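Have a look at the structure that comes next, please.
Just so it is clear, A, B, C, D and E label the chains in written order, and each chain counts residues from 1 on its own.
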Amino acid sequence: MIKSILPLRAVELGYIANARTLLDGISLTINRGTFTVVLGPNGAGKSLLLRLLHGMLEPSTGTISWANGSSADRRRRQAMVFQRPVHLRRSVEANIVFALGALGIPRKDRSGLVQLALERAGLTAARRVHARLLSVGEQQRLSVARALAAEPDILFLDEPTASLDPVSVHRIETLLIEANARGTAIVLVTHDVSQARRVGQKIVFLHDGRINGQGPAPSFLDNPNSDVARAYLAGKIIV
Amino acid sequence: KNKNYIVLQSTTSVQNSGLLGHLIPIFHKKTGVGVRVVAVGTGQALKNARNGDGDVLLVHSRAAEKRFVSLGFGIERHEVMYNDYVVIGPRHDPANIRMIDDIAQVFLNISSKRVPFVSRGDNSGTHIRELSLWNIAGIAPDADGAAWYREAGSGMGATLNIAVGMGAYALTDRATWLSFQNKGDFEVLAQGDTRLSNPYSVILINPVRHPHVNGKGGRAFIKWLTSPEGQGAINAFRLNGEQLFYSVLKN
Amino acid sequence: MVREFREKPYMHDLNAAILLAAQLIYTGDADLLEIIGLSIGVSLTAVLASCVIGMLLGAAIAVLKFRGRGAVTILLNSLMGLPPVVVGLGVYLLLSRAGPLGVFGLLYTPTAMIIAQTILVMPIVAALTRQVVEDFYAEYDEQLRSLGVRGRRLVTTLLWDARYSLITVALAGFGRAIAEVGAVMIVGGNIDHLTRVMTTAIALETSKGNLALALALGIILVGVSLLVNGAVASLGRRFGRSRYD
Amino acid sequence: MVREFREKPYMHDLNAAILLAAQLIYTGDADLLEIIGLSIGVSLTAVLASCVIGMLLGAAIAVLKFRGRGAVTILLNSLMGLPPVVVGLGVYLLLSRAGPLGVFGLLYTPTAMIIAQTILVMPIVAALTRQVVEDFYAEYDEQLRSLGVRGRRLVTTLLWDARYSLITVALAGFGRAIAEVGAVMIVGGNIDHLTRVMTTAIALETSKGNLALALALGIILVGVSLLVNGAVASLGRRFGRSRYD
Amino acid sequence: MIKSILPLRAVELGYIANARTLLDGISLTINRGTFTVVLGPNGAGKSLLLRLLHGMLEPSTGTISWANGSSADRRRRQAMVFQRPVHLRRSVEANIVFALGALGIPRKDRSGLVQLALERAGLTAARRVHARLLSVGEQQRLSVARALAAEPDILFLDEPTASLDPVSVHRIETLLIEANARGTAIVLVTHDVSQARRVGQKIVFLHDGRINGQGPAPSFLDNPNSDVARAYLAGKIIV
């Protein structure tokens, strides 16, 4: 087992597309075992930021650097739950098996991990169902379980509980807190301020492509260090 | 209708050898009538002509021509020229036919040695002649499903390509052979028997049956081709210094 | 063109063909240019006609629910295997003087060639379009039905949204048209200066045993295809295709 | 077969051809069955080979980022327009006694025909597969990259998920193979009882002026295509395709 | 203007797919100007029910009947916001124009309605942006605005605010309440119980494909008339 690939250091990230500056001057460090919540209005650039950090897009400016590991390690030791889950045209179970295979998990370890993931997603009964036939919420749970399955060093989640019922929200939050306690760094995008309060250690507030205030979770949420964030938390931001 | 051109349904040998490319500009210069050549197998040419798709026929299959005219599809059939058939084969001549004058003996040699022979097998004028030559030699080549006798079911050029590719003998008209480029180490091995003569005819497609036929232009073409001038032009055509077609007009 | 190269010594290998091709292009032989022009003209026109008919037809089959839809799809897929010679014969029988459309005197004209190639290419365009549009429609289906989009509007909307993928379909049709010889040979007659196109010229040279020249013409034909494809690709790029398209 | 119908009275219209086709099928002419068998055998084998190579190649081009990817795509699209006669000539030169592979004596054998058709069909399968897989990949791209799926695994995953759409691609390839005459004519030679297939038989009857018989054979060939397509469709249905696939 | 197509009456609806009974014995009436909220855990069948009511799927058993209108009227006078917004590959503006055209709105009326829809979605600045480039939340707002544009008699919404920031949620809720006040019947699926409380008049609780309790909004939420609903609202349902 190699050392954790963390900390992740992003310096002055910027992203420009179609002549629009969508992200600008974002600097951020993610340490082992931390729990970061990214807040911000629709279109602020939260999903873009996650994509950059996860290596899905190349930043237009700035750099992203990891502390350890080959590029293959880095790929294998991080995971992301996308805002719109995408599943292969196969059964629920086969989707998890596939993901484990892709991550290089030895064949003998897979079946145990699959069981665990199915239980976590509450999909044990639906294991043979075609993944694309699941309800939206079930698909989202499958995504989260799949991402957690390989116990990554860092886990990016883009509004993973947006379509979940309250009980499922609670279960996912518990899973995240547990994983975090085992050392997985978590970066979570959400619109649910009370969720941020429940799970977050550090809040990053994004507005219009810039970090517009950040701080430790309870204190920042109670008393944000930026006007925009204060307005947002009071439910008053103009989109 | 005043079309200033005729459509000539011709056999491929006169086109591929370059004869028509030699004759047509002369005719065009003299009469102002253009000639559009559709070069196909004799069978297809006759069929197209029956349907009225064309004005003049230039083919070489006496029996079929006569039938065509007797059925009223064509008029004014004239034999205009001839050349001859030859047997070609690989230079080392496995059947030993070189310099044999009797074509029946040639075919006998080939069949008795069971050397590969490629037949056109397409019911063309050349194919029909080949069959009659086997008949003369008293042989039924495809009777025993023999592997040495192959029906290519192709035009003359394609059949020659196959013969060269297989190292087989074949019967071809001399004009096509001389103008054929993919000879490899093949050469003419048997020729000269009078039974190898190959006469060509022109026929005007019957304007009564097919009113759109350019009878005027067609007649002009036939008239010119059979005139001393046209006959001279046929004799004058050379390919690599060799005469390929001979006029029927004795001069 | 023919005469010029007839006197070449015997050669049959690929190198000779490539050399010959280069030489033909370099000298810019007028006959050759005429033949290339006719090839492109006939095939592009046929493909255009095929796309107009075939894409509408293919998209309609993809989105409309009707009895026998499965059978129509199988038929369409099968017609991708229409032999050019058979299409040529069919069109010949139609256009022949003895045929129902004989009075128009279209046989042995470029128009006849266009008709034959359109019949040949249309099913290919339609069958491939059906597949492409059906794949797109899976995503749009409910949203468009919810909006009450039906019939003609549904078909054109999907065709427009699938336009970048349909370029490849059109190019497949073009490839089929520009390369085929059986149909244009029969209905065009390979008449010099009138209906001789690249493929019939190649067939002619092959039958003369001019294999090197035939291959050289073939190489040039592939070059022409490359030019057309390159032009289409750069047009496509011009009108920009982002990764979200 | 040939001899049997040679003496038929003059007929040239479609009706006669249909009648003749029915008659041929009804009598179950042994020659005809042999020819049909060879046609299907050669074309199916060629399509199988084309799919193995072409689908892997097409999918690889669709998903791998490399320099010159655009150029390769254009090339592939252009090769859909490879003229059969040219492919036939190329293979002929390779396999002929004087050619580099002459020692194997493959010319004028079914193997030669399979090789030629594979060369002809492979680019079509590859180009269409590239488009289909690229369209699918747009949806999967980030998810699969996030999972670290790359290279061979990426290619096979996408091919598997796009399998229903790729059936149409394979059928397009089959259509091309079963219908072409130029290549098999040159490398096969249309030799009776050895390399005569449906299309070369049709060309032969056409050159004899037996248009009705040629057309009848064409109709039978389309019928054969229908059978193959129907079989593929029913297999596809057997292994169920829901609307979510 | 024809009479409203409402009331909509569904009787004993059932839906079976792949030998699984996904909906069973659902009877429901939607009257003019009502506001119905459908609650229930992930996979309960909420989206399926909306699809059946909206006519996207044929029920396996039972009937759906409308009070008035030809089938074309019925199509035109209802609208639905799907759980996963689907937009055409065109600009934001063109998407709205297209929808209006499809609904048969006369050309001269369109531009005004487009302005209004853009404003409602908070997308006036992004009108020329390619719709598929929008953030998920923005796409969802576009869907809602598009559905509201033609002032339908009845509007089905499947978790329309799942990915929205709190301000946008508030704006959408206001728009729905306003439309409802103008006479549009609304059927809203949501996982947000406080949202149900804010906007709903009537709650329908779905569980495992069956209606498992229903009632007027505040009283049902405070004191549900079914055990399952009570457990769900207390955050205790087992999924």
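Going forward, contacts are C-beta pairs under 8 Å (C-beta built on N, C-alpha and C of every residue); 3 or more make two chains touch, one makes a residue touch a chain.
What you are looking at is a predicted structure, and each value in this text was computed from that prediction instead of being measured.
Looking at subunit C and subunit E, no chain is in contact with each of them.
Farthest chain from subunit E, judged by C-alpha centroids: B. Greatest centre-to-centre distance from subunit A is found for B, with centres as Cα means. Rounded to whole angstrom units, the spacing between the C-alpha centres of subunit A and subunit D is 48. Averaged Cα coordinates give subunit A a centre that lies 81 Å from the centre of subunit B.
Shared interface positions of subunit B, defined as residues touching 2 or more other chains, are 40, 48, 50-51, 155, 158, 161, 184.
In subunit E, 133 are the positions where the chain touches two or more neighbouring chains simultaneously. In subunit C, the residues touching two or more other chains are 12, 92, 98, 206, 211, 242, 244. Here the chains touching each other pair up as A-D, A-E, B-C, B-D, C-D, C-E.
Contact residues on subunit A toward subunit E in their complex (touch as defined above): 17-18, 40-43, 46-47, 83-84, 122, 126, 133-138, 141, 159, 162-171, 191, 193, 232, 235-239. By the touch criterion given at the top, residues 6, 10, 12, 92, 96-98, 107-108, 185-186, 189-194, 196, 200-201, 203-204, 206-211 of subunit D touch subunit B in their complex.
Only residues 139-140, 142-149, 153, 157, 161, 242, 244-245 of subunit D touch subunit A when the two sit together in their complex.
On subunit B, the positions that touch subunit D within their shared complex are 40-41, 43-48, 50-51, 121-124, 145, 150-155, 158, 161-162, 165-167, 184. Across the interface of their complex, subunit C is touched by residues 7, 12, 16, 18, 21, 36-40, 48, 50-53, 155-158, 160-161, 179-184, 210, 212 of subunit B.
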